[in-house]
Amino acid sequence: MSSRVGLNWIWQSAKAMIVTGKHLFEPRTTEGLRPAESRAPRYRASFALVHNEHGEEACIGCKLCEKICPSDVITVVGGPKELSEATGKKRGTCTDFVLDLQACIICELCVQVCPVDAILMVREQEVPGYSREDLVLTMDKLYANEHDKALYWGSGSALMEMQNPKKEASS
Amino acid sequence: MQEQWVSALVFLGLAFSVPLSMLVGAALVRVRAKSNLEAKYDTYECGEEPDGPAWVRFHPRYYIVALVFVLFDVEAAFLFPWALTLRELGTLALVEMFVFVTVLLIGWAYALRKGALSWQ
Amino acid sequence: MNPIVHALVIGVPLLTFLMGGAALATWFERRFSGKMQTRWGPTVVGPAGLLQPVADALKMMQKEDIVPRAADRTLFNLAPLFPPFLVIASAAVIPFAATIDADGAVKATGVVADLDIGILWVMALAGLMVFPIWVAGWAANNKYTMLSGMRMVAQGISYEIPMVLCALVPVIFAGSLSLSDIVAYQAVHGWNALSLSPSAIVGAVAALLFFLASLAEANRIPFDIPEAESELIGGVMVEYTGIKFGIFMLAEYLHTIVASALTAVLFFGGPLGPGPAVLGLGWMLGKTLVLFVLIYWIRWSLYRFRSDQLMDLCWRILVPLSLVLVMLSALLVAGGFA
Amino acid sequence: MTAFAVIAGIILASGLMVVRSENLVHSVLWLAVTLIATAVQFVLLNAPFLAGMQLMLYTGGIITLMLFGVMLTIRDEGVDIPNPSEGHLAGAGAALAFLVPTLYAIWGTPDFGPMVDPITAKDIGSSFLGPQLIAFEALSVLLLAAMIGAIVLVRRKDP
Amino acid sequence: MTEFPPRVDPHFDIEEYDPEADLMALNMGPQHPSTHGVMRIKLFLDGETIVKAVPYPGYLHRGVEKLCEKLTYVQITPIFDKHDYVAPMTNEQAINLAFEKLLGLEVPLRARVLRTILAELQRIASHLLWLGTFTLDIGGTIGGGASMMMYTFREREMILDLFEALTGCRFHYNTHCPGGNRHDVPEGWETVVKAVLDAIEPRFDEYEALCDNDIFLVRTEGIGVLPPDLALELGQTGPVLRASGVDHDLRRDAPYHAYDLVDVRVAVDDGCDSLARYKVRVAEMRESVRLVRLLLPMLPQGPIVGSKPIKSLIQFKAAAGQVYVGMETPRGELGTYLIGGGDQRGAAPYRCKIRPPSLHAMAALPYLLPGHFLSDVVTVLGSLDPIMGEVDR
Amino acid sequence: MSVYEDLQARFDLPEVPPEGEPALVDVSRHVELAGALKDAGFTMYVTVCASHFPSVTPKVKKGQEPLPPTVEAWEVATVLRRPGPNSEAFAWRVRVERPVVPTLYELFAGADWQEREQYDLVGVIFENHPDLRRLMMPEDWDGHPLRKDYAIDTRVAPWR
Amino acid sequence: MTHMVLTVAAILFALGIYGVTTRKNAIGILVSVELMANAVNLNLVAFSQHWGATGQSFALFAIALTVAEVVVGLALVVLLYRTRKNVNIDLASDLRS
C-alpha cells in the first residue's frame, strides 16, 4: 500500500503525451444525427403503418402486436369486418392504432408477429420532441411515416423468411 | 523606490476591480428566482440529507504538514537575503547557511522517519 | 513618469492581455483538447467558436445566485473576490518587454512595478492564494468543499516550498530579487535553463521543478487534487453558482498564464531572444504560449495523483532536490562559475 | 500620511475584530487582515523586504497553522465555531493599564529624526550573517526543537 | 503467494474505532459523477482515510424479476437488454440460454457460432467502455482520462456499428430468441468485422502507452486488494475473479455457444488489485479479438433458429422444472435461476432470479474500501466495473 | 456427477436428481451440506434464490373429489460452483413452511448481500444473519414484492 | 512619524492584552498573542527607520520566533483537546489539582 512516487512519471508521461499529440493530426470523429442514408440498411428507430398492395390500410386489427408488446405501448381498436374491394374477401379493419414511443423499447416484436406486414419500422432516427404528445404516434402519424420516412425492409414475413429460409437457400 | 510601490498599489486596485466588477455586473443582470424552494438552499451531499456536520475535527497530519511547511518557509525566508549577499560574503555565507540548512534538514529527516509526512 | 500614469499605461494593457488571454485560454483549451480527442470542441458561437467564452461569461452572469442555508454567508460571498485578484496582482512584477540602454545593456521593461523584491512579491501572493480557496470551502459548510479546502491548503503550502526554493536559483545567480535584474543577468550570461554555461544544468532542473510546482499551485493535472471532480465533484466550487463559480475558473486560467509567464522570465530569459530588442514582447508572449500549451498538453494526457502521493512527491523528492539545487547554485556562484 | 492613517485604521479596526469576533474562524481571518495591513504599513515604513516576509511567513505560515489548529480542535456545534470571551471589564482595565503609561512614555520622548537610507534585503542579509550570526544559528536549533516537540505532541498514537 | 491483509469485518461498529478520531460521515452518491450510475456509498472518514464503507444499492431497482413473472418467454428477451446497459448482447444470450435449457430447445450451429462472435465483440465493446470510464475516474473528466475515454468510445462506436448492421439497433438489439437468433448475418458483414478488428487491435498499444506510467501505476497498484478466497466466497466472477488469481472462465470451463470449437486462453493475474483488473481486461480484449478472428471463418451455412420463428405470444409453453444457467458476460457469470411455470402459468416463468455479476462485485466494496483514501473509492469502484442497471435490476 | 454420489448417501438425496430440478434437502441439513460442498471444492458462492409458493386450491376436474388447498411454502435454492477447469455448479433447495432458513454467512461472506436481497424481495428470514436489512427497496417499504400475493397488475404509467 | 507608529503598535498591543484576558478559548488566546507579537514587529520596524538594518533583522527573527511559539502553542492546544475534549482554558487550569 505504501506507494512511493518517484520522478519516473515525468519521462513516462512523454510517452502518453506523444500518443495524445499524435491524435492532434488524426481526423476528427463526427457523430451526430446521422441521415438515414448513412445508417445501416437494417437500422430501425420509429414505426410506420403501411398500405397493402391493393392500396388499402394493411392493418386488420388482429391485436397480435398489442398482445406481444413487452411494455404495453400499443393500443389497437379493431373495426368491423369489411368487404375488401380489391380481393372481394372480408377482412378486419382497424379504427384506431396508438403507439406510445415514450415507453417503446424498439424490440421489433410487433413487426415480427404481424401476419399482414402492416407495421414496419422506420430507418430514420426519431428526433426529440418538445412535448410528450410528440412521442405518441397516432394512427395518422403512423400512416404519414409510410411516405415521409425511409422504411426498413424487415416486415414480418421478411423476418420470418430470414429466420426460416427456404430449403434451397440453406443448402 | 516608493514610486514603484505606488504603481504596484494602483495595479492592485485595477486587479481588484476585475472580480469586483464581475460580481457587481452579475448582481445587476442575473435572474431572480420566482419560487424559492426550501430544497434549493440545502447543502449538497449527492442528493442525500447531510449526515453529521461538515466542520468536523480533521486528522492531525494536516497540522504536521503545515508545521513542516512553516519550518521550511522560515528557512526560505532566510535564504532570500542570504542569496543576495552571497557574492559579497562568499564562502563565509555559504558555510553559515549550510549549517543552518543542515540543522533544519535534521528536522525534515525526523518528520520523514516518524512518518509524519507520509499520510498513512 | 508619474507612477500612477505608469501603472495605468502598462497595467491596463497587461490586464487586458490577462483577461483576454484567460478568455481565449478557455476557448483554446476546448479546441485543443477537442482536436486531441478527435472531436470538435465549440464551433457554434462565432467563427470557430471564438465567441464561446463570451457566451459562457454571459450565461454565468445570468445564473441565479444561491447561497446554501448552512453556509457562512459573508465569507461565502467574499471568497470569490480574492483568487483572481491575487493572481493578477502577482503579474505586476513580470517584465514583458526589453530595451537596450545607451551602453548596450539589455534592460527589461514593460513591467507595472519593478519592485526590488519582485520574486518575494510573487511568492507572497502565491502563498496567500490558499486562503480564499480554503475560506470558500469552509464557508460553504459542505463536506466535499471542506475536504477540498483542506487538501487545497495542504497541497498549496507544500508545493510552495519547492517553488520558492527553485525560484531562489535564478535569484542566487543574479544576486537580486528583482525580476528585471534576473532578465538582465540572463542577457549577459545566457538563459538560466538553456545556455552553454555550467549553471544551465542546475537551471534546467530547477526550471523543471519550478514548472511542476507551479502546476501544483495552479491545480493543474496531474496535481489537481483539490478539484478532483471524480471524487470531490469539483472541490470548493461545488456550492458556487453563476459568476462566482466563473470567477474561480477564471482564476485558474489566469494562474496558468501567470505561471507560464513567470517560468519564462525566471528560466527562459523572458523577453530576451535573437533579434532586436523590440521583439522582446513577442519573445515573451511566445515563450509564455509555449509553456501554456505544454500545461494543457500535459493536462489532457495524464491522470492525477492521489493526495497522499502528492504530498509524498513533494516532501520526499521535490523539497530535498530543490534544496540541493539551491546549494549547488550557491556553490557555482561562490566558485565563480555563474 | 493619509495612507498611514488609513492603514493604521485598518490595523486597529481589524485588531479589534480579532478580539471581539464571536466566531473563531472569523477571528483568525481578521488576524490575517491585521497582518496584511501591517505588511502594507511596513512598505510605508520603507521596509519592503520585511513586508514580503510578513506576507509569506506570518500570514502564509501562521494563519495556516491557526486554521489547521481550529480544524483540529473543532467541536460539532453546528454553524458557529464559538470563541467565547468573558471578563470584558477586567480585560479593558488591563489593556488600559498598559496603554496609558506606554502612550505617556512614547509621547514624552522626542521623535526620532528623519530616517536613514532605505534598508534593502541585502543589508538585512549582511546583518544576520554578520553581527547576529549566533542568533541566526540558534534560531535554526530553536525551530528544530519546536518542530520535533510539536510532532511528538500532535501525532496520534498508532492504532 | 503474496501476504494479504487480514479480512475486514464489514459489520464493524464504528463506535469501536479510535476514540481520538472524529469521523466524518460522507455520502458518496446517489448523485455523484463517479458512482457508475445511481448508487450511494456511505463512507466514514477519518481525515481522508476510510474507516467503514456501507454501500446502498437499489436506486435503479425496477422490479424486473417481478416483471419476468408476468411476461412470457418471448417478451422477456428485450427486457433483458436493459440490465447491463453496457453489454446488452450477452444479457440476451444469458437469459436465452436459460430458456433453452428449461424448454429443451436445440440451437443450430450457425446461431451458436454467431452468438459466440457477438458475445466476444460485445466483450471488447464493454471493456472499452470500462477502460474509458476507469481512466476517467482516475484522470478526471478534465484530464487524461477524458482523452482515453474519447479514444475508447471511438473504437466502441465501430463495434456498435457492426451490431447496427446486423440487428438494426445500437442498444436494444433483441436479436436473440429462445432457440436461436432473429437476425441473420447481412451480406459482407464478415469482411467489415475483420476490418474493424484490424483497426482496433493497434489501438490497444496506444491505450497501454497512455496507462504505462507511474501515475497510473501508483493509483492502481495495491489498491483494492481482493484475496482469491474472499473473491470466491463473495461470488466474484469474470475479470474481477481472474485478477485475483483464480483461473476460472466459464467459456473454457463449462463451454456454451460454440466455445468448445475454439481454445479460449484465459487471462489470469495474481496481483489481486486494481492494476491486475486493468491488465486482465486489456488481455481479454486482445483475446476476444483473436477469438473473433478464429470464429469468423467457422460460421457455417444453415438455419439460425432451431424452433419455429416467433409468431405468437404463447409460442413456448408449459415448461416446468428449475434450472440454473450461468454465462460468462464481460462482467462475469450472469446466471439465471429459472423456475418454469408449468401448466398453470402457460408461457411465463414462475420465478426468474437473475444473478448479476455486478451485484457480487459491489458486495466486495465494504471489504475493499476500508484503509484506503477517499480518492481510491473511485479507483476501486471503477476497477470492479459494476453496472448499476444490473446491480439493481 | 461424482460429488453428487458422494453426498447422496450422507444427505439422503434422490438417486438421480429429478429432471431439471435441484435436489430437495431438509432445512436442518442446509448449512451442513453447504459446508460439505465447500470442503469438496465448491468454494464459489454463486447465488441464492428464494421463491414463494402461496396456498392455492387446485382446480376441481369433473367427477373428482375437491383436493385440499396446498400449504403455503417457501423454497430457497442455493447454487455453489467449483471454479477452475471443468467447473460445475451444484444446486440444492430447501422447502420450508415458515420463511425462516439458516444463513450461510459464516461459510460464504457473499451470502451477506444475496440473502439480504432475498429477504428484501421474498421475505425469507435468514437466521443469524449479521445485518438483515432491505437491500433493493427503500427501508420503509411495505411488504415483499416478489411474493406471489403482492399485486403486479397495477398499470403504472404516470406519463400518460 | 515614529510616534504615530509606536502609538498604533501600543494600541494593538493593548488590544492583544484585552484579548488574552477575555478570551476563554485557547486558540483565541493564541490569536490575541499574535496581535501582540505583531505590535512588537511594528515597533521594531519603526525603530529600524532610525537605527538601520538591525531592527529589521530583529523583526525577521521575531517573526521566526513567533512561528516557533505558534507551532508549539497549537500543538499543546491540540493535545489539550485530545485529553479533555475541550479547548476552554478554565478547564485546563484544574489540571493542577
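Just so it is clear, A, B, C, D, E, F and G label the chains in written order, and each chain counts residues from 1 on its own.
The criterion applied here is as follows: a residue touches a chain if its C-beta (ideal position, glycine included) is under 8 Å from a C-beta of that chain, and two chains touch if they have at least 3 such contacts.
Just so it is clear, the structure is predicted and the values come from calculations on it, not from any experiment.
The interface with the greater number of C-beta contacts, when B-E is set against C-D, is C-D.
Across the assembly, the mean Cα position most removed from that of chain C is the one of F. Work out the mean CA point of chain B and of chain F, and you get 60 Å between them.
The distance from the centre of chain E to the centre of chain F, with each centre set as the mean of the Cα atoms, comes to 24 Å.
Rounded to whole angstrom units, the spacing between the C-alpha centres of chain B and chain G is 21. Note: centroid distance chain A to chain F, computed from Cα atoms, is 40 Å. In chain E, the positions touching at least two other chains are 20-22, 24, 26, 28, 32, 48, 144, 147, 151, 154, 210, 213, 215, 218.
In chain G, 60, 63-64, 67, 70-71, 74-75, 78 are the positions where the chain touches two or more neighbouring chains simultaneously. Chain D meets chain C in the complex at residues 23, 25-26, 29, 32, 36, 48-49, 51-53, 55-56, 59-60, 63-64, 67-68, 71, 79, 120-121. Against chain B, the residues of chain G that register as touching in their complex are 60, 63-64, 67, 70-71, 74-75, 78. Within the complex, the chain A residues that touch chain C are 3-7, 9-10, 13, 16-17, 19-21, 23-24, 26-30.
On the chain G side of its complex with chain D, the touching residues are 1-8, 10-28, 30-32, 34-35, 38, 41-42, 45-54, 56-61, 63-72, 74-79, 81, 85-88. Residues of chain A that touch chain E in their complex: 1, 3, 5-6, 8-9, 12-13, 15-16, 18-20, 23, 29, 31, 39-44, 64, 67-70, 105-109, 112-113, 121, 152, 154, 159-160, 162-165, 170-171.
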